[in-house]
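Starting off with a structure, shown below.
Going by the order they are written in, the chains are A, B, C and D; count residues from 1 in each one.
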Amino acid sequence: MPYIARRTLTLLSSIVAIVTFNFLLFHIIPGDPIRLIARSQHLTADEIAKLHHEYGLDGSLFSQYLTYLKNLLHGDLGFSFTYQEPVIDIVKRTVGNTALLLTTSTLIVVIAGVLIGVFAGSRHGKRSDSSTVIAALVAWSLPTFWVGMLLVFTFGVWIGGLPISGIKTPHAIYDNIFQKWQDIGMHLILPTLTLAIVDIAFFVIISRTSLIEVMSEDYMLTARGKGLSRRTIVWGHGFRNALLPVLTASVLYISALVGGAIQVEVVYSWPGMGLLTYNSVLSRDYPVLEACFLITAVAVLVANFATDLLYHKLDPRVGVQK
Amino acid sequence: MSLLEISNLRVAYDSPAGTVMAVDGVDFSIEPGEFVGLAGESGCGKTTLAMSIPQLLPRMARITEGSIRFDGQLISDLNEEQMKPFRWKDISVIFQGALNALNPVQSIGSQIQEPIRVHDSSVNEVQAHERMCDLLEAVGIPAKRALDYPHQFSGGMRQRVMIAMALACQPKLVIADEPITALDVMTQAQIMDLLRSLCDKFDLSMILISHDLSVLAQTCDRVAVMYAGKIVETGRAEDVFGNDGAKSRADHPYTQRLLKAYPNINHERVFIDGIPGMPPDLSQPQHGCRFADRCDLAIARCASEEPRLSNFGNNHQVACHVATPPGANYS
Amino acid sequence: MNDVTPTHPTGMVRQLWRLGLGRAGIIILIAVAFAAIVGPMIFPFDPAAVGADASSILQAPGNGHILGTDELGRDVFSQLLTGARISLFVGVMATIISTIIGASLGIFAGYYQGPADTVLMSITDFFLVVPALPLMIAMGAIFGQNLSIIILVIGFLSWPRTARIVRSQTLTLRERQYIPRARSLGAKNMRILRVNILPHVMPLIIANTILVVAGCILSEATLSFIGLGDPDRISWGSMLHFSFVSGAIGRGAWWYFLPPGIGILFVVLGFTLAGQALEQITNPRLAADV
Amino acid sequence: MVSIETSENTSADANSVQGFGSFSRRNFIRAAALTGSIVVVPGFLAACGSPKTAPTNAMLRVGWKSDIDTFNPFTTVTTEAIEVQSLIYDKLMDYGTDLKIEPSLATSSTAAGNTITYVLRESVTWHDGTPFTADDVVYTFDLIGKNQLGINAQWLTDYQSVTAPDAKTVVVAFKAPQAFDPGLVIPIVPKHIWEAKTVEQIKKDTNASPIGTGPFKFEARTQGQLVSVTRNDTWWGKAPSAIGVSWSLYTNDDLQAQALKNGDIDIIPQVAPTVFDGLKADKDLTSVALDSFSFHHIGVNVSKVPGSKGNPLLLQREIRQALGYALDRDQIVQIAYAGYAKAAASILPPSFGDSYWEPSADQAINNNPDKANALLDAAGFTKRDSKGIRQTKDGKALSFRIIAISSTSVDVRTAQLFQASAAKVGIKLTLAALDSDTLASTVYNTDAPDWDLFVWGWDSGVNDPSYLLGVPLTSQIGGNNDVFYSNPEYDALYTKQATEIDPAKRVELVKQMQQMFYEDCAYLIPVYLEKLQSYRTANWSNLTETPGGIVFNFTRDNYLKAQAGN
């Protein structure tokens, strides 16, 4: 069976696992989910009865699970009493903003992180390598939200000049699409910078370590023997081989990235899934909290699936096994 | 004028345990088109000697004394940048573990083709590709497999790719570091014939490093035997090993013991005795002959005075107080 | 992993000390531990003592307050020392839990191959990939916010990494010859685990544990910042939370929101440096000679 | 450490590393472009200045800290919702910026005996174009009066009937003469929209797109983010200069203050004390601290419904009084409000003039730990645990839950201070911060209130004591009554004062009510607010500093009179 089919199967089974875990966490462990929801919302008797029916609570545990799956497949993530609208609509409004934040920051983090990591690795043993390692270890120990607070203080209060909250200037009227994206771009600078400062360190450390291990391989000596330029040796031969372990390590990074996104969105009131998760905790809005967790987890699974395929494509040694 | 002249070369490794003189005053030369073998136990400094020519030494190794002249030009004091034009254009290397010496994520074709255009920009993409295909055919690999990756080849085939790569820029000197150790006997023979034929065909000279004397005896014009960082015997293969290898005329006691370490197909089966003792610790200062405490012919002088290479006739040199040149009675 | 790893802990500390990274890590950790233990004894003020009047709110460092006051006029320096205790306590306790679960699972899965291994490893991979913070938030919101639940939640989510690493080390150890030989001498599995495998895995567990502590402290700080910390306890995370919502940033009260962050940074950095140095000892090729 | 490297010591070329080497030129160019575009784009965006926000003379942008709960005038309780509804709906009469009563939908309002007669304004239309008629007024008064619906029912406790003798006049009849004209506070709703709904449906209706006759029409609402209205050009009165008003939600004091400073919003109705000094120092802003008709209070759950999950101990008056004695009002004024408030006692702020009652020194239930301890010992809570917290008979700690709105930092700080002072007398308080909606729905869960104490606040809707005095009425359970207080004596006094025409006698009754409610300690009122407000002087002018606040007050005139630009 080709690798892709096998890997898709594992992806589907993990999604089923995450859905079951989610059902367990939100519907079974806390006892009666309706009591949980009702405790923080002003529900009348008939609303509670409607919910009982909707969650299929009268049936057995397994039938509840089936109802839960059926609702999920119909895109029914439950009803939010705080927002008085179906959860799916609320989440739809926020997913785009988080995706925008994560794609920009991940691109910058991966590219800059790997470049610096490879640079440090190629300078192995010299002062610039050890100082980069120290800087990366310090950056990796910074709490993301604190970095956000410091940037809010520097660029919002002390020096000023950069927008520190929201995705665009409230009630702004734009002449054209370009100005709208320019405004969003301005609001994107600080959140991306916050994520970048901490997360670049992860890639610097990983790619540096990977390059050093690669540099001690025999084919690097062959490359040197060929009289190639130092740049070709490091980037032509070293870099591509070093990239593979970085790809596998990025699995860990993806789940950490989601945590970072939540912190950044809370500090900058960036209207994404992270802020929605934070607000749903404050308003004890369990249906929304459940949906946010489920969608984030599935997104991480899909991202890992994509990373594995990319790795599979990049490393010829793996591709051949049929 | 010989292609390569190494005089009084000293290469030191500084390791946490102190500096080790891996190559301690070696004189070595090679003529154009000559096929020279370099023999000795592992750790005797043969690889360090060979690798110091293109300066492909590990980070903590450095040439402390002596000179290496290539085609008359002094190359031992060149820095990395100045060394580049020589590497692969004039001096190329065939490494031992071929799988690991080839870049796993790059097709063998592009790896072979890579040095061609680096060293000769006048060659365009098509010409380089053609030469790569000729080289593959020359080493017995169908050109259509140029796009395959190293892990798709057997051990022997990979060694052929290494050879093709080494000849990519028609170098003057090829250094083969234990090219066949990892292969089965049959493949070893094929590879050695291939090396010999290519060497003659392209009239290039080759240094073949091996701890396997039988291999050197069959294919090399001349041989040098190294022990603990010094060359103890050098000369024509038949002078050092005897033309049929039957009668041991090697003169240096160490070379004799090495030859005895090999079962001879023509002789009756006899239990092979290894050489007792251990090679000396090169981080300590050496005095006298380094083989002295393992040599059963050792005399007092061996322990105090280091023997110099003396001529035993038509360039057959031996560094031993006890060994006597031919003609003298051989006690 | 090669065999040069000194299995004797003091040997490890000596080696750790020689490495610059290790030395910095140990110094930082000792300093922080000292502040956390001795601190509360030498409080200049009771951390919960509220200020006298309006002028004592968000007051710059001075007249007795080394690090000024917070939005309720309470002494920031005293809170910092109490906060150190909670942050370290949660970090270490959560790590102990995660190491016990992770190490035992890793050794068990690594040693007993077959179905046990595949099942355990699929669970581990599941939790390795699941995003940690959203899960912690969900569990925190459902199970409430007292200290023991926070410790359990963080501990519960940090064991997969340890399990993965310990399992791979156990696998390599298991292949070594002397394990089958020991079994042939009739040694029962438990004894083999205790005598042959555990001592060799221990240095790796310690190195990983130290890195996990760094992660746990960061998680506690983040949870407290989001408002899911224990409301009755002062921790560095909760200090940052209240400084964020009380307008300290707007007033440029750096003495309120800088120190707790630096505290977290130092502790996490200390553990990370020590952990990285230990990792270099167990895998010298990574040495940055630093 | 073996790593075969070029012998660094001899390599001369600095050779800093860029590019992607030999694996092909094309990849290199593409990758470099990609990196370049990612890093450069935000930089380039920053270079060309901030976007042109809405022409400032058009939109009056308000930034507040809590969201509205609903547009339905019959179920709303939050000040924010009442503020927005005051611009969408008109009332019969209204207050000017000088708090004098001015005609609105009614050109005149004359009280005679038990009736009030309103003469209606002509040619007024609803936002959907339907003409406004006397039937709308009759329908609105009847709906509230008969069903005692919503927070305005307290003005129609003596309601008898309403008739429209002709198309221009409406006569409202009561059981007794009314001291306060309800026309000043009841928003008139369109009959043609609401009459189709039953009372039960009205109670559940979210009125998502409200239709009124007011100066502004509903435009948009995103829960938890933004509410906005646009100018109604067919309005009967003088058209306001602002083409619309928008309210955006900030959950963080700093971000809100920063938004005002860099021009994202024009006015903050409730500035947090800690950031007020910062705004006051900013020369582009006008920052005012006005006397107010508002207070913040600690409510005690005294609900007697069987479903109540409040702590039953709080039903004992001595426990509530002990809590009252534990509360240190001066500390809360100084620390929680940074001095921008006055220590309070009774439910009526001093701005109500002679109606205001103040307890004498020995009557005061404030900051007296000894009395609190005495009361608690007398109530039998003598045993204390290691931390000094008293134990109930069955060995559990004497502890109560207290909830506050997370974004209202003054409330959170009040709760924290109360926690500390309650602990001194042996009572443990556990604080939980909720967002404004959740707090409102948790508190007003009439059949099963699941809380003990909360920190919240009241703004008086009108310049008359009846509004605030009416909150703890038994009839208001389900309306304004947030602590489910029910005291027949208090209700009787309320009806008496509501119908007492003679001002002196009415003041006497009002003071009696304040003392009774104060001593019952269902409300522990720590502070009377000073309305801290700040607006961008450059963007808006002609804003009168009315007592009780420029905006967020019972007059909407400043929204109408605000002039864009200076």
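Note that a contact is a pair of C-beta atoms (placed from the backbone, for glycine too) under 8 Å apart; a residue touches a chain by one contact, two chains touch by 3 or more.
Note that the structure is predicted; figures quoted are calculated from it, not measured.
Comparing mean CA positions across the assembly, the chain most remote from subunit A is B. The chain pair A-C and the chain pair A-B differ in C-beta contact count, and the higher one is A-C.
Put simply, the C-alpha centre of subunit A and that of subunit C have 22 angstrom between them.
Between subunit A and subunit B, the centres computed from C-alpha atoms are 55 Å apart. Chain geometry summary: the mean Cα position of subunit A and that of subunit D are 37 Å apart. Those residues of subunit A in touch with two or more other chains are numbered 124-125, 152, 156-157, 212, 216, 221, 224, 228-230, 232, 237, 240, 282, 284.
Looking at subunit D, residues 2-6, 8, 11, 13, 22-23, 252, 254, 258, 406, 433 sit in touch with two or more other chains. Shared interface positions of subunit C, defined as residues touching 2 or more other chains, are 227, 244, 249-250, 285, 289. Across the complex, subunit D is touched by residues 39-42, 44, 81-85, 104, 107-108, 111-112, 115, 118-119, 122, 124-126, 152, 156-157, 160, 162-166, 168-175, 179-183, 185-186, 188-189, 192, 212, 215-216, 220-221, 224, 228-237, 239-240, 269, 271, 279, 282-285 of subunit A. Contact residues on subunit B toward subunit A in their complex (touch as defined above): 54, 56, 59, 80, 83-89, 92-93, 95, 97, 100-106, 114-115, 118-119, 149, 151-152, 165. Interface residues of subunit C facing subunit D in the complex, by the touch rule stated above, are 48, 50-54, 56-58, 71-73, 227, 231-232, 244-251, 284-285, 287, 289. The touching residues of subunit A, counted against subunit C in their complex, run 14, 17-18, 21, 25-26, 29-30, 36, 124-125, 129-130, 133-134, 137-138, 140-146, 149-150, 152-153, 156-158, 209, 212-213, 216, 251-252, 254-256, 258-259, 262-263, 266-267, 277-278, 281-282, 284, 286, 289-290, 292-293, 296-297, 300-301, 304. On subunit D, the positions that touch subunit A within their shared complex are 2-6, 8, 11, 13, 15-23, 34-35, 38-39, 41-42, 45-46, 48, 50-55, 59, 61, 204, 206, 223-226, 228, 246, 248, 250-252, 254-255, 258-259, 262, 264-265, 406, 433-435, 437-438, 441-442, 444-445, 450.
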